[in-house]
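The chains carry the letters A, B and C, assigned in the order they are written, with residues numbered from 1 in each.
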Amino acid sequence: MLLKKMIAVCTFAVSALTITPAMAAYPEKPITLVCWSSPGSGHDLMARYIAKLGEKYIGQPIVVVNKKGGKGKVAMSYVLNQKADGYVIMTNTRSMTKRLKPTGGSIAIDSFKYISRVVQDPFVIVVKEDSPFSTMSELVTYAKNNPNKIKVGGYSTQSVDEGLVHDIEKISNINLNYIPYKGGKEPVVAVLGGHIDVAIANPSEMMTSFQAGKLKALAVTTEDRFSPFDDIPTLKEQDINNVTVHWRGVMASKDVPDEAIKKLDNMIQKVLEEPEFKKFLNSSNMLSGYIGSDKFGEYVAQQTKK
Amino acid sequence: MNNKIKIFHHDRIFTLLLIAIAVIFFYMIGKISDTPGTGELATATYPRVILGAFIFIAILQFVFPKKGDEKPVSFPIKGLLSILLIAVYIYLLDKVGYFLLTPLVLFILPLLAGYRQYLAIAISVIFVTAVLYGIFKLVLNIPLPAGFLGA
Amino acid sequence: MIDNLLLGFSTIATFPALFAIVAGVLIGIICGVLPGLSASTAVALMVPFTFGMDPVVSIVLLVSVYLAGEYGGSITAIAIGVPGTPAAAATMLDGYELTKQGKPGLALTTSVVASSIGGMIGAIILFCFSEPLANVALSFGAPEYFALAVFGLAIISSLASDNLKKGFIVMFIGLFLKTIGLDPFSGEERFTFGVPKLMDGLGFIPALIGLFAMASVFTDIDKATAKSRAIALSFAMPKIRQLLCMWKVYLHSSILGSIIGVLPGAGATIASFICYNEVKRFSKKKDQFGKGCLEGVAAPESGNNAVVGGSLVPLLTLGIPGSGTAAVLIGALMLHDIQPGPLLFQTNGNIVYGIFAGLFVACLAQLFFGLIGVPVWIKVISAPKALLLPVIASISVVGSYSYNNSIVDVWVMLSFGLLGYLLKKFHYPVSPIILALVLGGILEENFRRSLMISEGDFSIFVTHPISAVLLLFAVLSLLSPVLFNRLAKVKS
């Protein structure tokens, strides 16, 4: 008798537990957006704008939590260790996924569902105002005669910056001396100070010095030219068939239900339309780079394949 | 007897300990390998130089300690207990939660130091916990380990 | 120039701006006092609050927090021997000695006066010399930074002059611990034992808290007996004449501090130690340093507050941060659609000069509140030491946890606590570790980067003039204690 009662209670409890989340409309409590860089960084600001502007579309507050460390690994393992119910999501970047294997291990590309790509951050290849190079072809010609002599600075090793330099080397059949720096602005400072020849930089890192006429831009790395660099040709226009952009987006654990992913994706799409977000993109010199959850995963997988 | 103490005094034993740890790490470096490019130093080179220099100076210190270095060093049990206490505290922090565990642990510390004014300890412990809660949780909005109490 | 000055002061002569300065100074002092919250963390924490504010008000608020945060760290360093910010580790050398002698009032007052004067001189330098100083920032490439790091490390020979071997052992421990994490060039893991958190290296703030705060709890319990009482503290304050006659120290350290602040990647901690060392080098009372000398308190404090003005130079003129805190400030400026950089003076002059004026007023506010605080702090530390132990212990734990919301950092803190405890037991100096942890990264990274730039040619370090001069100074200061000893022996 007692046993029966207990079993009844238990089954009820279990069914209540399993059914509730499916019945209730997501989201019914605040969402945590984990950011893998430190407060105040460009990446963190993007997260905070999504949190601030997204609240009215998703109907719940979004809380930004910073989990720094291990080039994103700390944040990723944190997110993967949470319940996969869509209440803990995280920001991602190309440099972060670039370091992951496609599958296997505790953290891989397929451990996640990719909600949406939010912004793209193209690269500008810059030299000092008095540099002998004004176009990529001049640089390539010089490099052909002087292998390993041109010092190119970029952000970190195994990064998107280094990948871009290696791609250029392969396509043009030249050898450059790639010098990694710790922050994105450091290579630009080194170029300004005349310590290295070329810097790979995002627009936000070189914009002010460029506008003040202290830097020359050799190329942009996008498909088409973009404002305010309308006079600067793309790599493609200069016979270097390469398009490389850095991007930032949002992802969640792979077990999060598609319904939640869809809702979050919709929210981000709407946030991108907000004038305040557009203003933020403009002031931090980034371009909108929306790719929805239907294509984002494939896009990331493809980029990490090669 | 007297001579023995002079050769292996406490300071030398500590130096030996440091050298031993350094040697273990030096051995570990051997497992790091990569192929550096032009002008690039291998990953292992810098730690090797640092540890090598460290071992060298530590051996110098072992062989030629300064006058006064040979004074004996004692480890009172209460000091070791306090280290253990804090270690246990940190271990339990995530599990039990900051605001439950902290007052308990903090109450024991002054007792270890031999202080016996229980009321004064209680007041200061509660006051400190409350002030830290106010600053970190309420003003700065920094989460602290909540433990089983949840959010 | 006068116009710009007036523009600056009129920009901040509004109630919200002045309120922001006062609030910022108070918040900064509190954060500085708490060992887990350094000036840069404090500023980062305040950024979200400024989202909706007027740009001038928000930037003035952040600058005030930055300034006062650098000062606040010295209070605990002097009062209980626990530096609240990394830079205050240098202030502690003489400041805490004075407290042990029962004269905390002397050190605390000197510290607030020196800090505020340093901050003001830094602000003036920012206003008058930002253009030429910006060039200093640009002239530092990889070999120059390497030489600066070597120069900084050479200070150990004077910090640990009574037992050089031990000083260098501790320095190498610090340099080694700094290699834990991802290799900056190959991306290989070094000594991480598979802990992802350690890939970024050991947290500097947890290390600092462990070495000083936690270790002091252990040693105090060790030494405590039922009879041990608090030291009798006097409320004695320094005489105005005493403070005035140190004008050379303030000036010397402030100029040095601003220049070091200009260099991206250096910062308040390096400035503090270098200023301490340089003032000691030129002082007539060399032998009193480390035994409770007021100049030893004034030098690092003037230096680390002058860094604030200095680090704003490259920020405003080149758009590059002069310190970690300045990097956060750039983010905050961009939030308000202000691009820091060469054009800022033309496009947003009111903000540039507003920052300058704000910094100046914040120094006055800091002087005011700092002086009011002195008797309060003396009162606090007159409490029985046993009652302070739980306070220090709990701040250590919360501070290291909040550094990154991670329990790993708390373990790092405890490990450093243990290390600090052992070092103190065996009479090793502790401060060289701090210097090594700050400079280790700069040292390795720029050494290797220099060699990449020169394609393996070591002569790059001597063919670059700035690097050659700094290395020469480093060798001189390494040898000087030995030479002085010889000289003394010859004389006797």
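By our rule, a contact is a pair of C-beta atoms (placed from the backbone, for glycine too) under 8 Å apart; a residue touches a chain by one contact, two chains touch by 3 or more.
Just so it is clear, the model here is predicted, and its values are computed rather than measured.
Each of A-C and B-C has its own count of C-beta contacts, and the greater count is at B-C.
Taking the mean Cα position of each chain as its centre, A sits at the greatest distance from chain B.
Distances from each chain's CA mean to the overall CA mean are smallest for chain C.
For the pair chain A and chain B, the distance between mean C-alpha positions equals 38 Å. Chain centres here are Cα averages; for chain A and chain C they lie 33 Å apart.
One finds 23 Å separating the Cα centroids of chain B and chain C.
The multi-chain contact residues of chain A, meaning those touching 2 or more other chains, are 65, 148, 177. Residue positions of chain B with contacts to 2 or more other chains are 38, 143. Chain C has residues 45, 185-186, 405, 452-453, 455 in contact with two or more other chains.
Note for the complex: chain B touches chain C at residues 10-11, 14-15, 18, 22, 25, 28-29, 32, 34, 36-43, 46-47, 50-51, 53-54, 57-58, 60-61, 64, 66, 68-69, 71, 73, 75-76, 78-79, 82-83, 86-87, 89-90, 93-94, 98, 102, 105-107, 109-110, 112-117, 120-121, 124-125, 128-129, 132, 135-136, 140, 142-145. Per the touch definition, chain C reaches chain B in the complex via residues 30, 34, 45, 163, 165-166, 168-169, 172-173, 175-176, 179, 183, 185-186, 188-191, 214, 217-222, 224-226, 228, 383-387, 389-391, 393-395, 397-398, 401-402, 405, 407, 410-411, 414, 417-418, 421-422, 425-427, 444, 447-448, 451-457. On chain A, the positions that touch chain C within their shared complex are 38-42, 44-45, 48, 52, 65-71, 73-74, 77, 148, 151, 156-158, 177, 179-183, 185-186, 188-190, 192-196, 204, 207-209, 211-212, 214, 279-280, 283-284.
Looking at the complex, you find that chain C touches chain A at residues 43-45, 47-48, 51, 137-142, 182, 184-187, 196-200, 264, 318-321, 327-328, 331-332, 334-335, 337, 339-344, 404-406, 445, 449, 452-453, 455.
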